[in-house]
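In what follows, chain A forms one complex with chain B and a second complex with chain C.
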Partner chain A sequence: MKSLKQRKSISYSKWGYVFLLPFFSVFIVFTLIPLVSTIYYSFFENYMSGLTQIGPTFVGLDNYKTILFETDLPKYAWNTFFIWILGFIPQILISLLLAVWFTSKRLDIKFSSFFKTVIYMPNLIMAAAFSMLFFALFSDVGPVNNIIVSLGFERFSFMESVGGNRGLIVLMNFLLWFGNTTILIMAGVMGIDDSILEAAQIDGAGPWKTFWHVTLPSIKPILVYVLITSMIGGIQMFDVPQIFTNGRGGPNRTSMTLIMYLNNHLFSKNYGLAGALSVILLIATAILSFVVYRNLTEKEAK
Partner chain B sequence: MSKFKRIFALMLALIMVFTFAACNGVDDPDEPVVTDPADPGVTDPADDPDPDPDPDPDPDVPAVEQGKVLNVWGWNDEFKGLFEAYFEGVPDDVEVNFTLTPSDDNAYQNALDEALLSQETAADDDKIDLFLVEADYALKYVNSPYTLDIINDVGLTQEDIAGQYTYTQEIVTDSNGAIKGTSWQATPGLFAYRRSIAKDVLGTDDPAAVQEALSTWDKFYEVAEQANEKGYKMLSGYDDSYRTFSNNVSSPWVDEDMNIVIDDNIQAWIEQTKDFSDKGYNNGTSLWDDQWASDQGPEGDVFGFFYSTWGINFTLLGNALETPLPDGVSATGDPDAFKEATEGNGIFGDYGVVEGPQNYYWGGSWLCAATGTDNVELVRDIMKTMTCDPEVLQTITKDTQDFTNNVEAMEELAADDDFASAFLGGQNHIALFTESAKGIDMSNISPYDQGLNEGIQTAFKDYFNGNVDYDTALDNFYTAAIEKYPDLKRP
Partner chain C sequence: MDLQKEMRLRRLNKFFVYLVLVLLTLICLFPFYLLIVNSSRAHSEVQKGFSATFGSFFLPNLRNVMSNKELPVLKGIVNSFVIAGSSAVLATYFSTLTAFSVYVYEYKLKKFVFTFILLIMMIPNQVYALGFIRWMNQLGLMDSHLPLIIPSVASPIVFYFMLSYMQSNLPLAMIEAARIDGASEFRIFNQMVLPIMKPAIAVQAIFTFVGSWNNYFIPSLIIRSADKKTLPILIAQLRSADYLKFDMGQVYMLIFLAIIPILVIYIFLSKYIVRGVAMGSVKE
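== the complex of A and B ==
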């Protein structure tokens, strides 16, 4: 009777909670409270006219109606999606290719660690600085145009043509992220059990068949991760197009992304409309992530 | 092994504790006083954006005591240069602090607004004392309680300001009739032409003859055609002639019902620019971009530029030089070294000015005293010297060619045969503008001018480029305008 109670098993579980506390306090203060207050303020009309504040007055769903139906939101959403997908597809294909080459025992590429370092480097540069660099390089009087002219062609305005503007943003996104993706996929490929690959080889599978039927399914979790994080990053694409187009959003706003549009509302501290847009983005991101996750991972359960 | 682990863990914990401690130790009350009366703390040449970490002045001293730090806010160093060269009345124990935020992307106004809104709770040494505003958004601050009445609150007298051009006072007069700011410059507009190109196209570079050839818009078109035939462009870009039209409108941008109104004159600008762009009379640049700046220099092939008086010495001169001026040498600081550095440099001397096809004005900077300033007397002195004293203003004009805000001083220089601008090939441009300066009419300004002026130039750039049609550009303009000013409506 007494002996049962006296047998104290040292429980360390409370330390677990103690160590989680810093993270949760930071999360609540810096993420949860702003999130809730953004959702709250999105139901109010609230902006500055000159130095006077207009609002906050409760307007219910008016902000949402304005954002969804009276503005060019679908256009910016399409811009964002288009620029993202155009950058993502080459990125994933080339990353897969490079990852397979670097980890292939047959090819055994020399100096592979040098290459891995170099392709990862663009990710280390601040995106804004990278964008500024491209802005200077491809401007109407910049080095690239000078080369084009000296080759005998006419001066091409990258900034003022829809294709040139979007194309350069796509290129920047690709360069920034393909190194990161390659390293991740390489990690996944190196984690594949050797015995499976040997079995495939013994069965007579060539490199393409091995890749398609063995490697790819094995790294599916990594691919899902890459897809979801890239998608979230794509929806939030801001610094590269903002710096590159100087806030204008390119010719006829064809490079204006959703977050750039949000930023425009913050010019007059329009917390009402900006809040509504933020909430819509939150819901859209959550739905997309959920859909991708369910679609690509439910087969694992089998 | 466990001993090592324990020491290591202890070290890590101590490091983490120290990072927290470092955050707390800033406000040390025992810090010795930084400025003392013996310290010759005159104008601070270094651009220090951080407010002086001085402790607050002794609370036992009566409230009339002046603050120890004068905080001046601006978006470029135009005023700073003038202040440092021409104002000598800064008391020994006062430090002058310039906070300069560039006006790109509205950064200057955003920073200024935030600081003004928290002016009441700021420490005395951090309070803004003086700030500069541009004509485009002057009304926003003039009509707010954040600027002081220069007569009743700052202490200038009607006599002090009697010598100024009246329009510079009208623009900063609020709805109750109080004057809320003052300026050292008047800004009549002009057309600066390349003498060498004029000789080639018109056969002469004499200002009177060039003016004759450009005196109406129709004649302007003709010269544009001639220039084109010889391989020159008439204008650099789309926005160059904007102000000529926009400052002659007959109604403000926004009417009483908050509708955006596009005046007929703005319409005329759109048509002219589209015409010029289609015929290739311009280089397709936008104001302030790299190509526009290089068009003003030795490599440029542009006949001329519409500029206001501040543009000549502040922008055009810099862009016209091949070798940039050495650091610290300016017309205001060191006239002799300036002469040496500029003669024969680039196309210095190749520009002349004429009134152009239409009278106009462009911008200008005003000084406003911020409500809550603790340096009222110093602010008054600065305003009196820099914007009312005819001698100081005339010296500024002689050194910098800027058109200053004193009728008498300017008319004196206009009549002076010896006054000539080396940059403008020996021309006395002040004589040209004393008349037009008197006729400037700023009655059609609105608080929304800056955003709408920029907005229409940006939106129609696509139209001039041929990327969109007229209606789409118009739509884009209204969209951008309402994003910036949600209380406006499209008609």
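== the complex of A and C ==
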């Protein structure tokens, strides 16, 4: 009897592997091979000097030394971080505020689903189109400058000012993502057991104290998830600044991000440096991914 | 007296909450309002200055941008639709199948597969773009739509979502019962599991479609010929063109065309989409 059952479960387990086949064969061909070959290319000198092809010659870690110490990489890393953090701080604060408001029974916000629908909408909009729209609206001859002039002020060139450039990229990132963050945090707040909140109120805790001592600690896993995924998204920042600055990175490349820099190397066929930069970014995202993974599996265990 | 004071405070508080919400709504909608206004105005009108009212040039702008010889807009729309549509179908079907494998069957590598997919979930495709384009070049797939479509078969995020959905909506006893009735494993998946998974598939199909529709980085590295370009590439091309010489009515119209299909989907399905976002991260 037992052996029959065993035989049966073995014959089923074969199907488990069969159903994995499409996913893993595509993963191997379109992700794993590219990933491994990217790492491989990072150890070779391989670029175009004018029309002559240099390399490929094995150079060990030379590409890493070059990209880390002889290029403007630190500057672009700083730009990326600066633009990301400037968007992230208001995003997390406003999202927390909105999440608490939307879930508050005492406030009982009318039209809350309308508001949620509107604030999430930008997240689905094509970042390239959104960025082109902002460029058209804020260009020297665009409607925003027309309004500024008609109010009696001087024309302001957003494109040629460092603050204007970075500020608008920050604003776009904020608008694209704060609705998404609000919904994630809201889901976390709604998951808090009502009895805990009631107990806090009975103990005489005001709204602020309840938020600080009950709500915030309870949604810590969600906040970690939001922070890390936002950091990974920040490292990937490309479409918005690329389209907005036409790939030039704004005045004196102060809005040039890491992926824009990678993109430049890919287009100029500078494969060695592109490889080294890719591997550095891979390591950074892998470390961050591991935190997300731990976060997700902890929830699983609970 | 004290009660009155508290009532007033509470009303003030409520007023502040609504003020912030309305302001945020306006900030979110204003760029799109300007977009629609400007896409209905002629180039000369746009140049003249800001206007809050709609113009009468919507259809001429649409006609002009569609027949623009430098920008194959109609082709771009079709390409974007084909790529995003096929990606959505492949991602949902095969990621559900993969989740089904991990959820239903007992085999040695099961735990490893789950852990592995979760670990690779967050790796952005930018970090292996170099290897990707060179490998596609070797395979003769450069300037083809296939490298933009086939990778969707392996979508870790869709897999994770589907697995979570199965855990709360697909009782294993049902599969057992179907087996006793003599259904093959493949048939169980296609005829029993897929219908149960419909709500989750719909949500993930939308997200995959939107993600693919908006994707710019990889397509810009793969696509060369004009008639294979997708909408984001055309927008980037417009951005790099000599801006001052360009017909602004057409610029706004192209942006309008690039976002309108997504907006229409969103207006009809926002309830499910917003719920889907919340479901993606939190499992209780």
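Throughout what follows, the second predicted complex is superposed on the first by the 258 of 302 C-alpha atoms of A that agree within 3 Å, B and C clash if a C-alpha of one lies under 4 Å from a C-alpha of the other, contacts with A are read in each partner's own complex, and residues count from 1 in each chain.
Just so it is clear, a contact is a pair of C-beta atoms (placed from the backbone, for glycine too) under 8 Å apart; a residue touches a chain by one contact, two chains touch by 3 or more.
Just so we're clear, the structure is a prediction, and the values are computed from it rather than from any experiment.
More residues of chain A are in touch with C than with the other of chain B and chain C. Look at A:N252: by the touch rule set out above, it reaches chain B but stays clear of chain C. Using the contact criterion defined above for the overlaid structures, shared-chain residue A:T71 touches chain B, although it does not reach chain C. Look at A:Y225: by the touch rule set out above, it reaches chain C but stays clear of chain B. By the touch criterion stated above, A:A127 is placed in contact with chain C alone, chain B being left untouched.
Of the two partner chains placed by the overlay, only chain C lies in contact with A:T285; chain B stays clear of it.
By the touch criterion stated above, A:V141 is placed in contact with chain B and with chain C alike. Across the superposed pair, chain B and chain C both touch chain A at residues 139, 141, 247, 267.
Interface of chain C with chain A (complex): residues 14, 17-18, 20-21, 24-25, 27-29, 31, 34-35, 38, 47, 49-50, 94-95, 97-98, 100-102, 104-107, 109-110, 113, 118-135, 147, 150-151, 153-154, 159-160, 185, 189, 210, 213-214, 216-217, 221, 231-232, 235-236, 238-240, 243-244, 248, 251-252, 255, 258-259, 262-263, 266, 270-271, 273-274, 277-279, 281-284. Interface residues of chain B, counted against chain A in their complex, comprise 105-106, 113, 116-117, 140-141, 143-144, 146, 284, 290-291, 294, 447, 458, 462, 465, 467-468, 472, 476, 479-480, 483-487. The part of chain A that touches chain B in the complex is made up of residues 47-52, 54, 71-72, 139-141, 157, 160-162, 247-248, 251-253, 264-265, 267-268, 270, 273.
Every residue of chain A that touches chain C in the complex is listed here, in rising order: 9, 12-13, 15-20, 22-24, 26-27, 30-31, 33-41, 94, 97-98, 101, 107, 109, 113, 115-122, 124-130, 132-137, 139, 141, 143-144, 146-147, 150, 175, 179-180, 183-184, 186-188, 191, 222, 225, 229, 232, 235-236, 238-239, 242-243, 246-247, 259, 262-263, 266-267, 271, 274-275, 278-279, 281-282, 285-286, 288-290, 292-293, 296-297, 299.
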